[in-house]
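The next part holds the structures, each set out as structure tokens.
You will see chain A twice below: alongside chain B first, and alongside chain C after that.
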Partner chain A sequence: MENLSWTGATGPFLVPVITIAAVVLAVAVAGRILVSLAAWATGTAAQTASGPVLMARPRGLGRTLDLVAQVAIGLILLAILLIALAGFILPVQSKGIIGWATLRFWPVWAALIVTFTLSIRFKRRLGLYGKLMDSPVGMVGLGIVLFWVFTAIFASAIITQDPLGQLSGMKNVMPGSVVKNPTEGAFAWYLFGGDHLARDVFSRMVMGAQRVLQIAPAATVFAFMVGVTLGLPAGYFGGKLDTLLSFLANLVLAFPVILLFYLLVTPEMVQTGIPMYFAAVLFLFPVIFFAVLFNSRFKTNPPRRNLYVGVTLLLGLWAYTGLAFNADPIRYLIGRPIFSMDPNMLNVFVSVVFVNSPGVFRIVRGLVMDIKARDYVAAGQTRGESPWYIMLWEILPNARGPLIVDFCLRIGYTTILLGTLGFFGLGVSPESPDWGSTINAGRKLLSMFPHPAVVPAVALMSLVLGLNLLADGLREESLKD
Partner chain B sequence: MPASASDTPWEPSQPILEIEHLSISFFTRLREIPAVMDFSCTVMAGEAMGLVGESGCGKSTVALAVMRELGKTGRIVAGSMKFKGRDLARMSDEELRHIRGSEIAMIYQEPMASLNPAMKVGAQLAEVPMLHSGMSKADAWALARQIVADVRLPDPDRIINSYPHQLSGGQQQRIVIAMALMAKPALLILDEPTTALDVTVEAGIVDLVKDLGEKYGTSMLFISHNLGLVMDVCDRICVMYSGEAVETGNVEQVFDEMRHPYTQALFRSIPLPGADKNARPLISIPGNFPLPHERPPGCNFGPRCDYFQQGRCDAAEVPMFPVPDSDRHETRCFRWNEIDWTAPPAAREVKEKAQVGRVVLKMEDLRKYYSVSGGTFGGGTKKVVKANETLSFEAREGETLAIVGESGCGKSTFAKVLMGLETATSGSIMLFDENVQSTPIQKRNTDTVSQVQMVFQNPFDTLNPSMTVGRQIIRALEIFNFGTSDAERHQRMLELLDLVKLPRAFADRMPRQLSGGQKQRVGIARAFAGGAKVVVADEPVSALDVSVQAAVTDLLMDIQRENKTTLLFISHDLSIVRYLSDRVMVMYLGHVVEMGTTDQVFAPPYHPYTEALLSAVPIADTRVERKRIVLEGDIPSAMNPPPGCPFQTRCRWKSQVPGNLCEVEVPPVQMLEGGHQIKCHLSSEVLATMEPVIKIAAE
Partner chain C sequence: MLIFVLRRIGVMILTALVLTFVVFYLTNLPPNLEKLAKSEASARMTDAQVDSWLASNGFAQSTLVRYGEWLGVLPGWTGTTADGKATGRCLNRIPAGQTPPSYCGVLQGNWGWSTVFKQPVSEVLARSLGHTGWLMLWVMIVMVPTSLILGVLSGMREGSRTDRVLSTFAIATTATPEYVSGVIFIALFASATAGISPWLNEMGWIEGKTLFQGTATSAMNGLTFWNFGLPVMTIALYGIGYIARMTRASMTEVMTQQYIRTARLKGVPFRTVVMKHALRNALIAPFTVIMLQFPWLLNGVVIVETLFNYKGFGWTLVQAAGNNDINMLLACSVVAVFVVLVTQLISDIGYVFLNPRIRLA
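Coming up: the complex of A and B.
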């Protein structure tokens, strides 16, 4: 067995194609800029001389250069695609690293194809999500986000090695290195190389996606629940309540985040039980939010109100006891809890929610102050709606545009925040493959062996980029009818 | 700008703008929506062409097409638009950039949205000639100053050095007009230029536009839904319906000898002097405006037309027929020469006058002051805004009390106090013998709340944009405890939609898919959902189309008769007030300046403000002679009202009062015969000399 090259057997043909196309592209772009400048200069000169002169501009050359640049970009993309697809076709020995990686991700590709086919097929019936299929930016963003979501889901089928396993002789090896003394039937290479403890970087990155996507979206949802539940009354009622809540939010925002994390996650602090009290307060908000939501909406129909609020309280408080106090009552019946959270994870979760909610609070408060001056809010008031109905059903839905965008962005920040936490080794076990810890571990040998740090960094960046693009697409489409 | 060699030379005797068989479609994700079909019109040099029609008829689309501003989805599918002999539809962006702003200028409805808030007015104005004709900065500023003076703005030196937010709405619109005139365009497109303004301000702008048109010889394309305004401004008119021009001709001919059933129906649906809600009610046009992709075959107006003939009107597309012996008068009707156009309308439904019952609402000496702090940190001197001053009146069951006044007169504050959204500073409000003056809405019980409801002014704000129309009406039914089941409420919601003449399919629509008028009707349906006894209608029809106005006022009247609703109708449109109200209360800067029955208020003696207001309202009737009284200046700010009589700064009768009484003392309320109240210093002798503002010429 030999070490893999990046491109495998296709390399000798396609790499020169990419190189030549890139050179052509650079020349064409530079030429195009010059042509436009020339056209602009002559165009203005002609204008001042004798009115609008349109035909004198050297349009022909500019268009040719545009075409050349487009063809070059197309060629580069085609070559990369071929290299990737070659992973599916070529025999084991001739696949490159890119080909292998593409092949290993096959469940993700399949899931993406199914999702997008169905979404585009039924986009008219899918509301805002369906409209996203009309926005190229949104589709790219969604594609990247879904890529990582599916990677997290199918992680165990994608990984090539045990993410925690250390194989001898694989310390800091370069990407594509062949495993020394492989066990029978195991994957024979470290696709993206090995880290300083001789673990497979590729597999750790894949498992890292799972870690990150378990915490970030859920923590963001909780932060939104807290921020919305407090921001609505602060913006709507104003006055002393607003002053108090805004002051508290500013206090949290003004406190150095990293220091706060250190405080919340250090074992001494954990022993005092403070994170659990935080959890007890913060986890209550979603229950309050949904109970008030249904209560205000169905107040006129008591049987239905009782049903919805009852179910909310039952499920909510059940999950609440399980998650916040690790005291799921089911445990006493069937021996194991349905809702529970690892104490380490709880700490991280609580800190992330605590740090994020003031930001959400401020956004919601500002939006409410803007929207509450509208006539439909006055119409609600004049027919005697309760303040909470107006806040939750008249104002909140109309603030959704900025909130959805902020939600997507905030998942990205949370991901980065988790990375920061991991980077400082807070709240996660040292073995954990999450991206932050991995980057920190790779940092020490960055100048000599960049790959252990670069791979999770690129993963982190692409996920956050995907979320931002998705946010853009959603914002654009939610404004259209 | 010199014409390039490829263009046909243009002579002033030829039309400035010649639109031929223009068709425009918007392409949405689902389908092609034809917005304008086979539209032709010709504007000669110096001519003012009025484009009239209901919202959604395509009049603004035509204007935007002339500017070639149809957006990404709009496309010209057929026809040509020749501007000075050159086809606008085939021009490149470069050529268009030269024409826009310099040869064709456009004035939009919302003045603040047309001005850059970060630039001084003078700089914005000077930009136009600097850009289009390379004028030097100093010359451009000098020209700007001159044009500002031309649009009759006081103190042009101060104005050109101020920012848009420092000017009032009327002044801003004058600046927009000035900007349009900076390049001395050959064609001026005005898209509802006065809709956002108060009537007295509108009258000034209309006068200005007319004079400027004469002074500069500018051709105009004047888009409006207001027939009276079009009569005031335009020489020719083109009536549009559902994407087609249905009748075109000069204003007198179209107004007096209309040859299209839609034009006729339109005139029968507007409240002209002489209309009466009981004896001669308006005739609203039956049916609904067809959706653009659901237009009927043949004549678009067919399904709503009294003269419809099956097999003929719905057989083929109707071409334009020229009316002989006329000034380019054309109509799009197969039967135009068969119909007896002078016949009176078939059996008007004469309605019984509603019985006016007991007093349901009584206000006494109501005052509402707001205190505004001067300094940034709450320090400084506190200013008091007197939004309402000594408001006293009674409203009876089944009565329509109109509250007339322009923006800033305190009518909205009054509505808020009545609704319980604010509490009064002093005075009392008795509602069904219950003092609600200091009861905020949260403390009122459901019955009281559902009995006092409000119809809001701004149709674009009145509905929650993220809830379906049906859901919003159902919510009102729910909160007022109507019905026992969802099915029952759903049924009632559909009936309410029928009541306000909206298709039932609208129940599942989102508000953004509705036009302004349709939204307003949903707002009315929602207000009446709880069987309201007192309805405050805050300019409910001011944003609606004329035929819709008739239908909506009819609807309001019908519901009023049925439920004995007391209607507090806040409006500045005196035509509609005269038509539907029993009593009128005129407000100015928080004061009630005149109050009496409709006849008393609309006949002399007037309060000077009422007189000006009456003369400012355009009336679409060629027989009516109107005295033009254009008020100088703007309404003073309520923060800083003038001393003495609030109206003294704009009053033309001030010289008739001895001494400077008007500037010193708030006038007392004079009680004239029949309970007619006027708050003015003018002696009864002077008041008696006043002449009626509106005279109907003998036929």
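Coming up: the complex of A and C.
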């Protein structure tokens, strides 16, 4: 067994192709910029007007350079694709690191292909999600996000080594290093190298995706529940309530996030039980939200109202006691709780929700103030509908476009926040494979061994980029309505 | 206008008071005080000893009273040690022979003593703010022109290739938090084993082992491009994308206005239309955005100063928070809150001045 190279057996043919294409691309882009500048200087640009504003139509040399650049980009992508696909075909020894990594991700590729085939096939019946398939930006974003979601789901099938296991002699080894004295049947390489404690960087990155995707979307959902439940009445009723809530929201927003984290996410804070009080307040909002939602809708039909509100309260308060107070009543029946949260995790979760909800509050409040001046709201008021019915069933659905876009952006922001927490070593155990703390652990030896920090950094960046692109695509498509 | 400003300043002071009280309360929670006592006196104190240490150092009163003392609206605590020496908040570090004042809080200009740095807070703060000031200055010099140019270029012709390329770049930078871009920059430009430095070294184009320096510690004595370039780039990059996107949105909106079309139809060259008719109106919104970007920069400063080991405000904040240095933390939060609120105020006032369509009575 030898160390792997990045490209494996395909390298000698395809790397020169990529190099040449990259040089050609650089020359073409530089030339294209020069041509545009020349056109700009002589004032010949943008003669033809098409569309709402003035569009330039490339001609002559510029057009040729565009074509060259496109061919070069195509060649580079094709070569990278071939290197990756080689992982499926070549024999064990001649696969490269990229080929192996591509192969290890096979459940993700399969799931992605199935999802996209079905989505494109039925896109006309899928509403906003289906429309996303018309926007290339949105599709790329969705692809990246789904890649990480599926990675999190199939993480245990993808990893090559135990993410916490420390193998001797593998400290800070370069990517593709072969495992010394491997056990029988185990994977023989550290694909993306080893970290400062001789753990496999690749497997830790994959498990990190699971950690991040467990917390970030859930925290964002809770922040939205809090923001929506408070923002609706603040925008709709206005007055003193609005002044008070807005003041509180601005107060939290004026707090530097990192200072707040340093104050809230500490072991001492867990001792005082303050996170539990926070949780007691913040986790109540989803229960309130759904109870009011069903109550206002089915008020005229008491049996159904009682059923829905009753079920909401039962399930909601059950989860609430478990999550916020770690006192799930089921524990006394079957011996172990169904809803529970580790105190440190609870602290991180609550802090992230707390930091995020004022932003949601402001957006919801602004949207409500805009929408409540519409005629259909006035019509509802004239019909004698209750304020909460109007807010939850008439205003909120009409504000969904911007809210969905903000939701995507905010998951990305929450991911960044969680990474920040990990980067400062707050609230997570040093064993944890989440990306922020892995970056933090890797940065001490950054200039000698960059790979333990760069791999999770790129992973985090790509997830947030995917979410931002997805939000952009959604915004574009929802504006077309 | 005057009433508006006065009202805003009133809200500002109220906000600052509430926020500092929150910080004060959180840093003065019993477990934090116990940690402080153990780190100041001895790590192996019993609970009773901790209590007596806290009592003899003025921590026995209620939080509200001590907050008043810190603020300088209540007289500082006094007491005597076990051997009969008089102690008190205002007695410490007063030159012999002088009568100590009875009030010594922030309002009297006394920021207290930093337990981590073993120096008066005001000295530490002044020094670190000086360092951070340089960082911020260069970040602004790099960030503002770059982002405005990018935004105007891409907003000038919506949907063109330039626009798509620049927008993608802008989205990519907003998706890259400082701790990611910093790590990647160091790996690319300041690593002796990876990135471009080994190659440049082999070609004989650079003298040292790396192109840039991976730490900015030496920048505190003298700024050079090579020790300060990476921190500045790291902070600026995150802001560039955001401001460029806002500028682009504002520019595309202006470009669809009737007066731009009229100017084009009159036969004014496109160049002139952009420079004379569109640019000024398009730059109103980015001004507000740049001002509101300051609080974000504060986050970036904390991360980057920690990553590059540059002993400015952010680094000080992290040290103070990590060791529960109460006075230092309070001073840091006052500065941070002040920056946030003042930039908000400036952005509101500036918006009114720049935009002729808004007039406050």
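Just so it is clear, the second predicted complex is superposed on the first by the 445 of 481 C-alpha atoms of A that agree within 3 Å, B and C clash if a C-alpha of one lies under 4 Å from a C-alpha of the other, contacts with A are read in each partner's own complex, and residues count from 1 in each chain.
Assume a residue touches a chain if its C-beta (ideal position, glycine included) is under 8 Å from a C-beta of that chain, and two chains touch if they have at least 3 such contacts.
Keep in mind it's a predicted model, so treat the numbers as computed, not measured.
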Review point. Touching A:Arg125, do we find chain B (first), chain C (second), both, or neither?
Key: neither
Exercise for review: Applying the touch criterion given at the start, work out whether A:Leu251 contacts chain B, chain C, both or neither, answering first, second, both or neither.
Suggested key: second
Check your understanding: When the two structures are overlaid on chain A, which partner does A:Leu469 contact: first (chain B), second (chain C), both, or neither?
Key -> second
Practice item. Kindly classify A:Asp134 by the partners it touches after superposition: chain B alone (first), chain C alone (second), both, or neither? Key: first
Exercise for review: Once the structures are superposed on A, label A:Arg336 by its partner contacts, choosing first (chain B), second (chain C), both or neither.
Suggested key: neither
Practice item. Identify the partner contact of A:Glu268: answer first if only chain B is touched, second if only chain C is, both if each is, neither if none is. Key: second
Revision key, fill the gap. Per residue count on chain A, the busier partner among chain B and chain C is C
Review point. Once the shared chain is lined up, is A:Lys240 touching chain B (first), chain C (second), both, or neither of them?
Key: neither
Point to revise | On chain A, the residue positions that both chain B and chain C contact, one per complex | key: 51-52, 54
Study note, to complete from the structure: In the complex, the residues of chain B that touch chain A are 1-2, 4, 29, 92, 94-95, 98, 134, 419-421, 441-442, 444, 446, 449-450, 452-454, 456-458, 461-467, 476, 478-481, 510, 512-513, 523, 526, 530
Exercise for review: Provide the residue numbers of chain A that touch chain C in the complex, in ascending order.
Suggested key: 36, 40, 43, 45-46, 49, 51-56, 58, 66, 247, 250-251, 254-259, 262-264, 268-269, 271-272, 274, 412, 416, 419-420, 423-424, 436, 439-440, 442-443, 446-451, 453-454, 457-458, 460-461, 464-465, 467-469, 472
Point to revise | Complex interface listing, chain C residues touching chain A | key: 11, 15, 18-19, 22-23, 26-27, 29-32, 35, 157-162, 171-172, 174-177, 179-180, 183-184, 186-187, 190-195, 210, 214, 252, 255-256, 260, 264, 269-271, 295, 298-299, 302-303, 306-307, 314, 317-318, 321-322, 324, 329, 332-333, 336-337, 340-341, 344
Practice item. Show which residues of chain A lie in contact with chain B when the two form their complex. Key: 48, 50-52, 54, 134, 300-301, 374-376, 378-379, 381-385, 393-394, 397-398, 400, 481
